[in-house]
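Look at the two complexes coming up: subunit A is in both, with subunit B in one and subunit C in the other.
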Partner chain A sequence: MIEKIHALWPEITLFAAACVVMVVGLSRNVQVRRLCVPVCFIALVAAGVLAWFTTPMSAAAMAHLPQYGKTLAAFVGALLLLLLVGTPDREYEDDVARGRAAFEPIRGTRGEFYAFYLFSITGLMLCAGADDLIWLFLALELTSLPTYIMVAISTGRNRSMEAGVKYFFLGALGAATFLFGFALIYGATGSTKYTAIAEALQAQYQAGPLNAIAVAGVVLAVLGIGFKIAAVPMHFYTADVYQGASAPVSAMLAFVPKAAGFFALLGLLSCVGWFRATEPNTSLPEPIHEVLWFMAVLTMTVGNVLAVMQNSVKRILAYSSIAHSGYMLVGLIAGPGLQKDSFTHNGLAAVLFYLLVYGVSNIGAFAVLACLERRGRDGQMEEADDIADLRGLCSRRPLLGWIMVISSLGLLGLPPLLGFWGKMPLFTAGVSSGDYLLVVILGLNSAIAAFYYLRLVGVTLLEAPDAPGRGVPVQPGPFPTRVLAGVASVAGIIMLSFIPLTNQAQRAGIYNRDPIIKRSAEPAQPAVPKPEV
Partner chain B sequence: MTPTMIPTLANTDIASYLLILILIGGAISFAVINLGASYLLGPRRQGQTKGITYESGMNPVGTARKRFNVRFYLIAMVFLVFDIEIIFLYPWAVTFSNVDHTMTDALTWLGRILFFILTTIVAYVYGMRKGVFKFD
Partner chain C sequence: MTALFTATLAQGELPNVMSGVTLYHFLFTSAAMFVIGLIGFLTRRNLIIMFLCTELMFQAAGIALIAFSRFWMNHTGETFVIFVLTVAAAEAAMALALVVLLFRRKETLDSSAWREMKG
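What follows is the complex of A and B.
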C-alpha cells in the first residue's frame, strides 16, 4: 500500500494546494484573496513536473498511461485555469471593490471554486493512475462532484443553478449505472484489481464465451462512463449544462470529465482485452464490441447533426464535444493493433493524443466566448452566446476573431492544423483494424462537422459587423488572462509543437498483453469450483 | 497465456443472481403498481378542503414560506463532518490496539488516520473562516 504513495505525489500536491486555496479564498483582505489563482497555477505546474517523473506501473496493461495522463491533466489544467480566472463572485467582487458591499466570507465562493477545480483535476489524475475498480469509482466521482457545484456557482443566474441540478441528477444516474456494472464485474471475476480481472476474463475467454455476468457488467460500466464522456445514450444533459454554465466552466466540462471517462474506459477495456477468434484482426469480445460500435456511430452522428441545427455557440460546441467523443470511441474500438511500435496503427495512442488535441483546441473557442460580453435583458452583463454576437468579429476585434477562426478550423481538423494530426491516427488505426464501415462513418461525420465549424468561421471572418445601434453591442470582458489562454491555444494549434508528443502518446498507448487467440478446438475448461459462501 | 484458476470469490453462476433480479423486479413493480393503482383507484375530488395542508388534521396557521436562518444548514453540515469522522475513527481505534507494532505497516496504519484527521481539520478551519461558528 505504501508504495502507491510514491506514484501519488502530483495528486498530493494538488490536494494540499486545494486545502490552502479553500482557506485563502475566504480572507477579508482582497490582496490575499487574489492569491488563489497563483497558488493554483503553481500547484498545477508543480504537479505536472512531478507527474512527468512518475514511475511507470510495470504490472499494468498500459504501463505508461499514468505518466501521460497526469501530465496531460496538469498541462491542460493550467491552460483552463487561465480561462477560469475571474469566474467566481464576479458581481459580488465588483460591489465590494466599489464599496457598495462589505466582504462577508459566507457570501463569497472564490475559495470553493478554485479548490473544487483542483479537486476535479486531482480526480482526473487518479483516474489515469487507477488500478482497481474501487479506486476508479472514487476517482471518477472526485472528478465529477466538484464540477456539479462549479456549474451551479459559475454565474449568479438561475440558469446556472438549473444546469447544476440537471447535471447532478443525471450524473448520479450515470454513477449508479457504472457502479452496478463494477459490482457485476466483481461478481464475475472475484476481484476489483485490474490485473486479477484481466486474468479471470482471459481465462474465461479461452475456455468459452465470456460469462454473461461479466459482459453485462462491462456493458453497464461502459454505458455509465458514457455519461462522463457525453456519449449517446447518456448525452442529453450536455447542451443545457454547457449553455447554463459560464463559458470557462463549459470549457472545463468539455475536457476534465471527458478525459477522466476515457482513462476509465481505457483501464476497463484493457482488462477485457482486444482479442477475437478470427485472425488477423484483434478486437474486443463480441457483445462489448457491438455496444461500443453502435455507441460510437450514434454519438458521432447525433452530435454532429444536432450541432448543425443550433444558433447558440455554446450549444454548437456542446454538441461538437459529443461528436468528438464519438471520434475517440473509434480509437477504442480499433484497439492497440498488432504492431506494438506503430503510432498510426494504435487506436489507444490515437485516443490519448486526441485528448490533448481536443483539450487544447477547445480552449480557444470557449476563450472567445468568455472574453466577449453584452448587456443581458435584466441589465446585468452576460457572456456572448448567440452566433450573431460573433458577426464580423475579425474586423471589430481582430485578435478574438482570429482565435475563433483558427480554433474552429483546428477542431474541424483542417490539414495543416493540429486537429488534423489528431484525427489522422484515428482513421489509420480504424483502417488497420479492418473496420472500414466505421471509418467511412467517421469520414462522413467529419464532413457534417465542417458545416457548423465553417459557419462559425464564416460569421466571424466574412460577414460585416452590425451597424452601430443595431443588435446588442458586444464588448470585450476585463480578463486579460482569458485572452492569453486563447492565444496559447491558437499557438498550439498553429505551431504543431505538440507533434513530438505523439511519441509520448504512443508509449502511453502500448498495450502489454498479447492478443489471445481462442482455441475453439480445445475442450471447455473443467468446471470451476463452486465458491463457498 | 495458460488458463489460470479463477479466484474463488468469483460467482459466475447466473442462477445465484436470481435474488438481485427479483429485487430489481420488486423495486420496479413497487413504483409502477403504486403509481398505477393510485391513478386507477384514487378518487379525484378538488376543493378547498382537499387543498389544505393536512386534509383531516389541524388547520394550518400562517404561511409556510417563512425565512429562517441559513446557519441552521451550516451547523448541520459541520455536524455531519465530525459525525462522519467519529464513524471512521471508532472502528479504527478498536482495531488499532490489535495491530502488531513491530509490523512494518504499523506506521502506515497510524499515518492513514492522521491524514484523515488532517482533512477534517482543514474542514474545521474552512468552516471557521467561513464564519459558521459565529453567532450574532
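What follows is the complex of A and C.
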C-alpha cells in the first residue's frame, strides 16, 4: 500500500493546497482572501511538474497513461484557473468593497469555490492513475461532486441553481449506473483490479463468448460514464447546465469531467481489450463494440445538428462539446491498432491528444464570453450569451474578437491550427481499423460543425456592431487574467501544432497487450486487419 | 452448532435458515431495486423522491457487490460497499443543501417549477 504514495505526489500537493485555500478564503482581510488564486496556481504548476517527473509507470495495460494524463490535467487546469478568477462572490465582494455590506465569512464562497476546483482536478488526476475499480469510482465521484456545487454558486441567479440541481440529479443517476456496472464487472471476474479483470476476461475468451454479466457490466459502466463525457443518451443536461453556469465554470465542465470520463473509459476498455488470442481481428467484443458505435454516431450527429439550431453561444458550445465527445469515441472504437509505434494508427493516442487539443481550444471561446456582459431583461448586467452580443466584436474589441475567431476556427479544425492535428489522427485511426462507415459519418459531422463555427466567426468578424449595451466588457474591474487565458489558448492553438506533443500522446497511448497474450494457451497469432464491413 | 455454522460459511453457502437462497435471488433483488429506482427517477417530479430513487439505485449496486463478494469469497466487494456508503452520504448532504436552497427561492419541491432554460 505504501508504495502507492509515491505515485500520488501531485494529488497530495493539490489536496494540501485545497486545505490551505479553504481557510485562506475565509479571512476578513481582503488582501489575504485574494491569496486564494496564487496559492491554487502555484499548486497546479507544482503538481504538473511533479506529475511529469515522479509518476511511475502503471501496471495496467496502458503504462504511460498516468504520467500524460496527470500532466495534462495540471496544465489545462492552470489555464482554466486563470479563467475562473473573479467568478465566486463577484457581487458580494463588490458590495463589501463599496461599504454596502460587511464581510461575513459565512456568506463568502471564495474559499470553497477554489478548494472545490482543486479537489476536482485531484479527482481527474486520480482517474488517470486508476488501476482499480474502487479507486476509479472514488476518483470519478471526487471529480464530479465539487463541480455540482461550483455550478450552483457560480452566479447568484436562479438559473445557476437550476443548472446545479439538474447537473446534480442527472450526475447521481449516471454515478448509480456506472456503479452498478462496476458491481457486475466485479461479479463476472472476482476482482476489481484492472490487471486481474483483464486476465479473467481473457480466460473467458479462451473458453468461448464473454460472460453475459461481464458484458452487461461493461455496457452499464460505459453508459454511466457517458454522463461524464456528455454522450448520447446521457447528454440532456449539457446545454442547460452550460447555459446556467457562469462561462468560466462552463469551460471547466467542458474539460474536467470529460477528461475524467475518457481516462475511465480507456482504463475499462483496455481491460476488455481490442485483441483476442483466439480471433485475428482487432475490435472490442460484439455487444460492447455495437453500443459504443451507436453512441459515437448519435453523439456526433445529435450534438452537431442541435448546435446548428441554437442562438445562445453557450448552448452552441455545449452541443459542440457533445459532438467533440462523439469524435473522441471514434478513437476508442478504433483501438490501439496493429502497429505499435505508429501515432496515426493508434486511436487511443488520438483520443489522448484530442483531449489536449479540445482542452486548450475550448478555453478561448469561453474566455471571450466571460469577458463580456450585456443588459439582461431585468435591467441587471449579466453575462453575454446571445450570438448577437458578439456582433462586430473584431472592430469594437479587436483582441477579444480575434480570440473568438481563432478559437472557433481551432475548434472547427482548420488545417494549420491545432484542431486539425487533433482530428486527423482520429480519421487515420478509424481508417486503419477498417470502419469506413464511421469515418464517413465523422467527416460529414465535421462538415456540419463548420456551419455553426463559421457562423460564430462571421458574426464576430464581418457584421457591424449591434445596439449599445450588448456584449460590452465586464464592469467593475476587468479581469486581466481572463483575457490572458484567452490569449494563452490562442497561442496554444497556433503554437502547439509546431511542438511535437504527439510523441507524448503516442507514448501514453501505447497499449501493452503482451502480458495478456503471453499467458494464453496458444501462441499469439499474426493479426490481420479487420475486413471491411 | 457453531462448528457446523462456520463450516457452512467456509464453503461459501449461507446458513441453513436461508438454505434456498442463492446468488441469483440477491441479483434479482438488486436488479429489481435498480429498475424501480430508475423508473421512479424518470416518472416522479418531487426532488426529494427523485433523490431517494438515486439512493435506491446506489444501494441496489451495494447488494449486488455484497452478494458477489460472498460468491467469490473475498472481501473486495464488501470494501467497495463501505466506500459506496461514504460517497452516498456525501451526495445526500449535497442533495439536501441544494434542495433547501431551491425551496427557499420558490417554495416548492416540484422539479417542473424550474424551467428557465430551454432549447
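In the analysis below, the second predicted complex is superposed on the first by the 488 of 533 C-alpha atoms of A that agree within 3 Å, B and C clash if a C-alpha of one lies under 4 Å from a C-alpha of the other, contacts with A are read in each partner's own complex, and residues count from 1 in each chain.
Note that in this section contacts are C-beta pairs under 8 Å (C-beta built on N, C-alpha and C of every residue); 3 or more make two chains touch, one makes a residue touch a chain.
Predicted model, so just to flag it, every value in this text is computed and none were measured.
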State whether A:Gly190 touches subunit B only (first), subunit C only (second), both chains, or neither. both
Check whether A:Leu145 is in contact with subunit B, with subunit C, with both or with neither, and answer first, second, both or neither. second
If we overlay the two complexes on their shared chain A, which of subunit B and subunit C does A:Ile494 touch? Say first, second, both or neither. neither
Under the stated touch criterion, which partner chain does A:Ala63 make contact with: subunit B (first), subunit C (second), both, or neither? neither
Partner chain(s) touched by A:Ala200 [first = subunit B, second = subunit C, both, neither]: first
Would you sort A:Ser312 into first (subunit B), second (subunit C), both or neither based on which partner it touches? second
Is A:Glu104 contacted by the first partner subunit B, the second partner subunit C, both or neither? first
Can you list the residues of subunit A that meet both subunit B and subunit C? 187, 190-191
Subunit C touches which residues of subunit A in the complex? 133-134, 137-138, 141, 145, 148-149, 152, 158-159, 161-166, 168-169, 172-173, 175-177, 179-180, 182-184, 186-187, 190-192, 239-240, 243-244, 309-310, 312, 315
Contacting residues of subunit C [partner subunit A, same complex]: 27, 30, 34, 37-38, 41, 47, 50-51, 54, 57-58, 60-62, 64-65, 67-68, 71-72, 74, 76-77, 79-80, 83-84, 87, 90-91, 94-95, 98-99, 101-102, 105, 111, 114-117, 119
Tell me, which parts of subunit A touch subunit B in their complex? 1-2, 19, 22-23, 26-27, 104-106, 111, 187-191, 196, 199-200, 202-204, 206-207, 211-214, 514, 516, 525, 528-532
Subunit A partner contacts - residues on subunit B that touch it in the complex: 1, 3-14, 17, 105, 108, 119, 122, 125-126, 129-131
